[in-house]
């Protein structure tokens, strides 16, 4: 399949498109991003990768890192993880406290903020240097040592992160947070601030399209059964309250972030990342969603 | 792949297994079913199909028919359907009224009862003989004219269906039901009473694994893009409040019914149906869920 | 105290006032009422009663009858009633199904629709002619045999009462309705259609300001402890989701109806009824609320 | 009326009574209180006051102080207060976050924790020394300079107050908290730790039974219209999710605390405080509720 040609078609189609949403403004730093940024990168292998636009420019990947921390936690905890977080779609906005109240502090899945905070708690509890370990994990699967947290973003998250502070304290009250709240939040805010490009993300997520192996080196990083489950979670829970819509329109497992990035994979075929900072009302990249829908429509292939 | 051998392994494994759930009792007729019934059928084509146990015995397929009525409605309504029903997982029990109250009468998806009642409303509105048309649709894709409603089950549904009566009237109050409530419910209760075997179901669902074509005749019944979307909906919404769990453990699009049936498909490979009447706390067949998890584990293949 | 002068002052003040709400339109018949109707009647005794405007014109008292049916039911059931309905404010709109779902079919109080339907169920279960008995009860405490249901209103309620049909069926599903749903709804829709004037209502409610005795005859109709409890319920639950506001602004036990009527009592002093069909966003008479606030402000006396 | 005799009767009756609840354990210090403590004090004036048991022993008055801080805030803010907190019963547990989520950060009333935190925010914002000012206010209306915070309780609240930290941060996220969260919580935890006896509380609350005047000195502390509204709020919202029950059984405006104290007033007659640390499932003193029900039953007088 001529992926470059398909990407070029998407780029052209999207250029005609009106967007109606807004750049994320809940932290001051994110609001400063140029709303016209647009890039996409599709990765099949070292010599077969395709892109357009701002696909090599770093942006704040935000919630997309939840997939990395989930993977690290599944390696540490195995099945015991599921006693503390569920695997069901939430049917609620990503930062809902109501769901926690109804379900006694057990987050619906690891991709809503509450779930990611439980994941943070586990990593802070088990690792001496969780921030460093996360960087190392991402650098390894991307094959790029030049990936960093953005300290300005991390500080901005912290200074306005009242809702996440509320979530962590609330789960502490309900008994589902073990460590002190402060280091958990520090890790969480740093994790959100990770800066990567579409090209980086596509390379990194290739392990989920390749049964847990790094494509270039063949090294196994995650067991295939862990990958199968992470992909299932991306499919049902990767897009906040719009997971059904993404599955319905795109038909691939994926994960979005409020920085405007979306990454998706087609198992045994490719991984693909797209970035456009303007978000739809449900908090997912408006152009990104559309670009991926066009990808599976033009290729005629999805997991379904 | 030697599917018969895999099925035989599953049959043997399941025979050692304790089950802890109960047969559905919300309608008196369902409670009479022998809890020991157990059958499974996997269909790759006319000459490649495999089964065990009670796979050719009819049972009440219940909510599995929601896939058929959805398909019929998508043919009639196209995209306009999605103004009246959403495509998101519910995060609530299958018969919740709370969700409707919060979302102004728009059901979260076509597979919760409220969504299926809107589907019924549309079919009653557009078709002269919706009950007959549904039978004809199912007979055609199954290639079997001997499929019927079970009038005893239908009457039992009607006599105790207070919650569905409540749902239909509530949506009528909220403006999302057009026809009179009585014929909608009559159609809905009949639809639930459809009697089919695992073998029938596996054959019928083959169209969803075969881009909308009847495998034997090659006749196209549903456009491929409709099939892609129905499969996406089965993946994210097919198991009430356990869709994430099914996706997580099994990794295939599927649909369950409180009669204890589950059907799932692996696009371009097979469709499979399993029946065991004992339900887990979330209303899905306990052995059926496990049997399908074993199937994708033993074959090593899922959509992820 | 010169109540007539105070009423005259209120009448004049209200005539200058802009109203911003709307007449109830949920049943076609109610929408036909002249929005300019305005009357008030305060009753201290046969020779001490005061009024203005349309205080002797009949209107649809709607939910105000819930106080009468509650009184009848407390006489029949005693404390056992409270196993089937609670005594807490609802914190939700008057016709919410969510609360029922969360609390297993036990309505929060007898004045929300769900609670009144349970009350209807009990009266239909215990009485041979509940509609006649309710009329007789109201006629007796009012001292007026010329009080009737309005059959046009009752029919209009029935033809559009989908939400009440939903509530009754839902509670039937949850096990808190004993009789068939149809006669319960027939009684309920008739009860809502009762036609009375402000003067009638003020006379009828005098029993709640007079320890359960009919003032003129001295006959005891309700035990004082029942009256104390009904007054407490009117105070905390008599105004849908605005009970706090009414208590806060007016400071008297009372009950409103969507026909635009409000009745309130000052124990051992007076009962008072007001009617103006234009409703505020929470479904209570906009001028009526204000008129009663002025009454307790101008008299300087409330229960607090 | 011979109040001492009535109190003695209550004391005797309660001594025979089984209690089934538990002492509050959500902060370690409260769990240490002797569950057998029991005292009651009724105050009509300097020379007419009556008590029994441990009525002069200090205990942690907890949420009862919310009435004092509300009074201080109403003096400062007037009607503007009601833009930031509502006056409706909550229909939810006292520390619910769900309600806040549904209603955009506006607490249902000033007596649930969220409402009291908004009150704290206002006092911290307007006063230089809010902790001192609260002490001074309480000392003045009680006529006793020997009233203090309990620093051990305050520290214990702080060390385990995750849910209140969550509430404050959540409302900050929703824009209904102006100051920094830390000083608000510091004030709030101190306020909860105020130590007073039944006798103190009865004297202090006499201003609410006496139109805002200190009975002994005649000094006006609160305008009568403020008192009317505070009493209305105590009636409809003073007992968490059991306000209806208290109104129904007792029929007086009142306020409870998880320390096991309850205070109630009968306007123009008396104020009364009771203390017994064992709480019913809804968090109100089990014996205290019963003792007050007996008081209005034996005197035959309530506001209804």
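Residue numbering begins at 1 within each chain, and the chains themselves are lettered A, B, C and D in the order written.
In this section, a contact is a pair of C-beta atoms (placed from the backbone, for glycine too) under 8 Å apart; a residue touches a chain by one contact, two chains touch by 3 or more.
By chain, with names taken from UniProt: A, B, C, D = Glutaminase.
Small disclaimer: the values here were computed from a predicted structure and weren't measured.
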What's the farthest chain from subunit C if centres are computed as the mean of the Cα atoms?
A
Between the Cα centroids of subunit C and subunit D the separation in whole angstrom comes to 32
Hey, how far is the Cα centre of subunit A from the one of subunit C, in Å?
55
Where the centres are mean C-alpha positions, what is the separation of subunit A from subunit D, in Å?
47
Chains that touch, pairwise
A-B, A-D, B-C, C-D
Subunit A partner, complex, touching residues on subunit D are 96-98, 100-102, 162-163, 165-167, 169-170, 172-173, 181
Taking the touch rule as given, give the residues of subunit C at its contact with subunit D in the complex, in rising order.
86-92, 99, 108-109, 225, 227-229, 231-233, 235-237, 241-245, 247-248, 251, 253, 267, 297, 302-304
